[in-house]
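Down below are the structures I want you to see.
Note that chain A is present in both complexes that follow, paired respectively with chain B and with chain C.
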Partner chain A sequence: MKPSDFKYFKANSLDRALDILNSEENIKIIAGGQSLVPLMNFRLGQPDILLDINDIKDLNFVSESSSSLEIGSLLTHTNAINSNLIKLFFPIISYALKYVAHQTIRNQGTIGGSIVNADPSSEWPLLISLLNAKINVRNKFKEREILVNDFFDSHFVTNIEDDEIVISVTLPKINKYCWAFEEHSSRKGDFAIVETGVILELEDNCETIKNARIAIGGVDEKIIRLKKIEKKLVGKNIYQDLSIYKKLDLFEAINPVNDNHGSVDYKNYLSDSLLKKVLKKCVNAKVISNVK
Partner chain B sequence: MNKSKTKYVGKNVLRFEDERLLNGNGQYTADINFPGMYHVAFLRSEISHGEIISIDLEEAKKLENVYDIFLYDDLKHISPIISKSNMKKYLPTKQHILCKKRIRYLGEPIAAVVAKNRYIAEDAISLINIELKELEPIIDTINASNETKNFVHPSLKTNVILERTFSQGDIKDVNQNELISIKKIFKMGRKTPLSMEPRSYVCDINKRTNELTLYSSTQVPGIIKDAIMTYLGINGNQITVIAPDVGGGFGGKASLYMEELIVVAIANKLQTPIKWVSDRYEDLLTTSQGFEEIIEAELLLDEKGNFISLNSNVYGDIGAYSIYPWTAALEPMQVAGFLQGPYKIKNFYSNVKCITSNKPPTGPYRGVGRPAAVFVIESLVDMAARKINMNPSQLRLNNIIRKNEQPYKIGSGIVWDKVGFEECLRKALSLIDYDKIKTTKKWEGVGIATYGELTGIGSKISVAPGMPLNTGSETSRLEIDSTGSISATFGIASHGQGLETTLSQVVGDHLGVTPNSIKIKQGNTSLITHGTGTYASRSAALAGGAAIKVSKKARNHILNVASFILNVPKTEIDIEDNLITQKNSNQKLSFPELSRIVYSDMQTLPIKLRKPLIFIESYDPIFGASTTATHIATVKINPETFKIKIKNYVVAEDCGKVINPMIVDGQVQGGVAQGIGAALFEEMKYNENGQLETATLADYLIPNSLDVPEISISHLEDFLPNNIGKFKGMGEGGTIGATGAIANAVSDALKHLNIEITELPITPNKLYTLIKNKEKK
Partner chain C sequence: MSNEIQLKTTINGIEYDLTVPARLLASDFLRDHLNLTGTHVGCEHGICGSCTIKIDGLTARSCLKFAVQLDGKKVETVESFKEKPETRNILEKFKANHSLQCGFCTPGFLMIIDELLKSKIKFSENEIREALSGNLCRCTGYENIVKAANEILTHKKIK
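Our next item is the complex of A and B:
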């Protein structure tokens, strides 16, 4: 369990990192290394060059604009959990990230690493799907913005190019909403078997659902938004029981696989259980209203 | 003496080991390096069953800093490893040091690459071209036992390499029509010991003296030394086996491994130090596994709840080879041996088959056979209680072997003597307030498991039946050197039990010195003529017994010497707190003063009292110390996820005289944690293609700290055994009781669905399937 031979570069500026990415082949960016290093030890990943971006201070930030929050790709899970801006605008992030593995891993792992790893049972991919994020990526020559809908391709595959680095993630603010997140794993800290999050955007009366977003992870090759169920919730009063949705609408949308942690049937059951729970929890949650 | 006798034994002396281990000053095998040392990595089979057609080493050998690559042919002078036994109907297996042609399990070593470092060795492995012919893997245990063509060892013409029947009473005499039958098929999943430190070996060579030193993360340095002599032809005075700090074993480090012999053979051949450190993947694949059994069992009882008969067939999946030195008999035979548990059952029948399969060899694992046995009998008892609508605790009390009925020989031949079965059960019931905690609520349940165990066994009883190895005695050598400092040497090999501390407590009491002034030496074959190691809940009882004998002998001699020096009768002298004092006077003698007089002062003592202060004693308890514990667990199942949460857990246990309560509690808690693993989490899953589905710790789940509840532990010290120190073994008990208690608690939590657990581990996924299948019917 030792990695194959590789060269190691540590870039101290974004320009330097982009130069290296532009000029070299078979290169992997390392930030927290929490997923990459095990893969390399198993020789499932054999990069010729490891590009360490941890010293690029420009990538480690949380900032606020009038319409959004922007999170630098090097922000660790621990720092995200502790960020006051994130707590204020998106407490769901602070809550859900506590489910990421264990403390030492949360201290190392970063948002950029988590989303480019594109594990469909991870928390950050679910959160950015739920929050309609835009992912800002850059290569040596240009910067572009990818909508989260277009970002994940499948299991561990995204639509960013080999010469690009994720710079940041932009999360549009939401006026008046309530939220909930639930996850089930075999043990605390394990990968989620199923994870699900809900955001219900409300009308000014704080009761009528203006817009519903439901994301579910661990049960398909990428995070799934349950569009059919989302649509049916629009216009409903949040004090109604929202968990009366058609099971079929859920089961048609997801595509779990048999593995060590559960059969397809069990994962379907679990998805239904968690979705009911998360909707109930969301309805009872405090309404957030931060946007001036 | 009377006063000092319990000065240290029974006290929470803080572990001496912890200072070095917690400060990072421990030294494990992987920490040991020598100048000029080469590293070995193994090319391992990626299939479970097959034949090697060809191996091409050309590319690999060309790689810079690859020094040598060994195949079977290069080491064929090493005869195949054969684990011998005197048991009838036993067919030993031949295990080649590297695969000769046939591959019998996933991860079996094929080639040993020697290189400058592990990275390069692994690079070379990826350059070896190997052509294999795949054979149909033999995975299913029952199918393997019935197989008529496909054998793990074709020359044996069967996969059943050992069969034995235990029988007592005659079931034909019993009118079965009037009896209630509880009949089930139980399944226990295959486990891996998973110690924190994976197996590691470093062999150093001293070219001046031509001596080899093997540093091995082993529980049994004495057995390994003997095996090196047997298989590599190296004389005992040319090889030392040292177990430095060892990070857990749980039985997984109690057997001989091919890698261990290969490291020594290559160091000897290349005349350079050689190192191999298993990575976690190799550890999961190749360390001896445990527990895979299918047990068909039937308990017959009358309507008043008296047990009449227990019949069973045990199918033990022992993997590809009969492990050295314990043999294939070890695990499956113990299932039958302990199946009857602590109950009076006149009629007993058990047929045991030890079956080979294309999986890694099974070996000792904490509890050996008994976690499965307790799961089966204790489940049957609870099922019977439900059937006749009797309180499970009452049904146990009705049938339990009482104090005045001992010694009591159970159907397998084991004799229970001086065991407080009833007392432990009652203590556990009151500890958890059983009648109050018993619940009719859905999804909540309580489960009892009570068991009998044989520990600290002497030479009359084999650890594994028929095994030609003396595991029944321990030797201790106590020395007081010219400076007056005391050391005591043992053949055991502590690997987390804190034996350096507990043996110091025992010596301290019996010699009259403080435990921290004694140096305990162990885990080193050059220090003692014979010793096997630490396993089978034996070290406290056996080494503790030897410690008492040798300390008494030393004390007596010191009193003789002091009597001469102080010129008073022996009876007037006491030894306490490292001081030799004349009672009712100020006359004192310290150990350094005594040593100076013995060794350096040529005038004070007559010659016969000037002999070196070296004392040797062996201890063999001949038989074993039977013991018991009762575990009671309560669980709550979340019907949304089927996650099983253990709410309360109590253990009332009897380890005889407690040497160090804190260490005993730690052992019980650790044992229960492993039992929770066996009951709820851990299973090595080989699919029908022979591939391992649980080859990482993301898939092979062990309980973490949040899955292990607070455990209330109570000790019974009223049933002291016949051995010298009145110590009973307790290292394995935690694991033994947990499987049955948790299985019963889960079944109780499912009472509203009439579901009874017959397969462990029981996971949320399996629970879901059980419940859905029930609903469909």
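Our next item is the complex of A and C:
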């Protein structure tokens, strides 16, 4: 239960960190370390070099533009929950992040770490899928933007290259929408068995659904957007019963596996009941309408 | 870049300047190098909460931090509790409510309660239970721990 030997380097600037990533091999970047260090303690991860980016102040911010919020990759879950900008535009984030483990873990864990860890049952990956995020990554030579659809590859695998660092996540603002998020775990703070979130963008009348987004996690190798159900919700009135959808549209889209948390049947059942719950909850939620 | 790193850190008000292996966990550093054995090591992968310390005022699992990451930080461990009246009060409430049996998990619970006490929020009993749920007690003496936490936190003054 002790990590293997490694060399440690603390970068005090982004350029320095990118230099190291460019010139060395078998490096792991450490931010909050709340998923990485357990893996190192179990020796499932044995990097030659540990690159500590916690001192790069440029990566720890929340900023607003007319069309989006940008969140620096080093923002901790605790700071995200307490951010007034996030609360104003995306209260779903402040709400869902309270499901992340426990306070002590939330104090240290970061958005960047959470999304590159790409655990299909954790909260940030689901949130950025739901919010159509763009992930800004950089290597020594260039910066590029990855759409969230192209970001996650599989369990714990993303499409970031070894020499790249996540700089920030851009979340396009949404005008007039309601939201809901629910997850189920065996104990408070455990990984979700199933988690699901919904955002319904509304027409000016605040009743007709202009665009629906539904994301579900824990039931496939990555976060799944339920496109078929999303499409069928467009044009409906939110005061109709939205929880009537074709179950097949849900079960065909997800691919849960039998494990010690439950059987495939149980996870299908849970997905269906959580989805009904969020769709009902969403309709009764306050409409967020603060984009000028 | 090396596997031996110089470390300057302040722990319970005392400054240390040492060279440590990069792979040394903060929990082992406190216990084996500084003899601060109040921080307990339970699961060593961030689940049990027994090794909870405070780094720059925020709780952290010391088994999920490397000693080198304490460089330039102000660290508090459970050993600091006897020095200040507000933390001494936490100890007394634990004693009065029989909030420990074997005492293994106690340092972690004390640290998280201290963090809750210093936050500017008032907590309901449910919220207190939720906040304490990140720490495990294998004697399962949770009732008395919650009782002490309630006494400490419901009487706290919000500045």
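The rule we apply is simple: the second predicted complex is superposed on the first by the 292 of 292 C-alpha atoms of A that agree within 3 Å, B and C clash if a C-alpha of one lies under 4 Å from a C-alpha of the other, contacts with A are read in each partner's own complex, and residues count from 1 in each chain.
Everything below uses one rule, namely that a contact is a pair of C-beta atoms (placed from the backbone, for glycine too) under 8 Å apart; a residue touches a chain by one contact, two chains touch by 3 or more.
Being a predicted model, the structure only gives us computed values, none of them experimental.
Undergrad: Just checking: does A:188 make contact with chain B only, chain C only, both, or neither of them? Give me first, second, both or neither.
TA: A:188 contacts both chain B and chain C.
Undergrad: In the superposed arrangement, does A:25 touch chain B (first), chain C (second), both or neither?
TA: neither
Undergrad: When the two structures are overlaid on chain A, which partner does A:260 contact: first (chain B), second (chain C), both, or neither?
TA: Touch status of A:260: first partner only.
Undergrad: Between chain B and chain C, which makes contact with more of the residues in chain A?
TA: Between chain B and chain C, the winner on chain A residue contacts is C.
Undergrad: Counting only touches as set out at the top, which of chain B and chain C does A:43 meet: first, second, both, neither?
TA: After superposing on A, A:43 lies in contact with chain B but is clear of chain C.
Undergrad: Looking at A:7, would you say it contacts chain B, chain C, both, or neither? Reply first, second, both or neither.
TA: second
Undergrad: Considering only touches as defined above, state whether A:273 meets chain B (first), chain C (second), both or neither.
TA: First partner only, chain B.
Undergrad: After lining up the shared chain so the two structures overlap, which partner does A:105 touch, if you call chain B first and chain C second: first, second, both or neither?
TA: second
Undergrad: Residue by residue on chain A, keep only those touching chain B in one complex and chain C in the other, then list them.
TA: Chain A residues touching both partners: 1-5, 42, 187-189.
Undergrad: Quick one: in the complex, what on chain A touches chain B?
TA: Of all residues in chain A, those touching chain B are 1-5, 42-43, 184, 186-191, 260-263, 265-266, 269-270, 273-274, 277.
Undergrad: Could you please specify the touching residues of chain C with respect to chain A in the complex?
TA: Residues 1-3, 5, 21-23, 25, 28, 44-46, 49, 52, 58-61, 63-66, 68-69, 71, 112, 115, 130-131, 133-135 of chain C touch chain A in their complex.
Undergrad: Could you list, by residue number, the parts of chain B that touch chain A in their complex?
TA: My answer: residues 118-119, 122-123, 126, 279-282, 640-643, 681, 685, 693-694, 698-699, 701, 703-704, 706-707, 763-765, 768-769, 772.
Undergrad: Show which residues of chain A lie in contact with chain C when the two form their complex.
TA: 1-10, 20, 30, 33-34, 37-38, 41-42, 49-50, 52, 54, 78, 101-105, 107-108, 187-189
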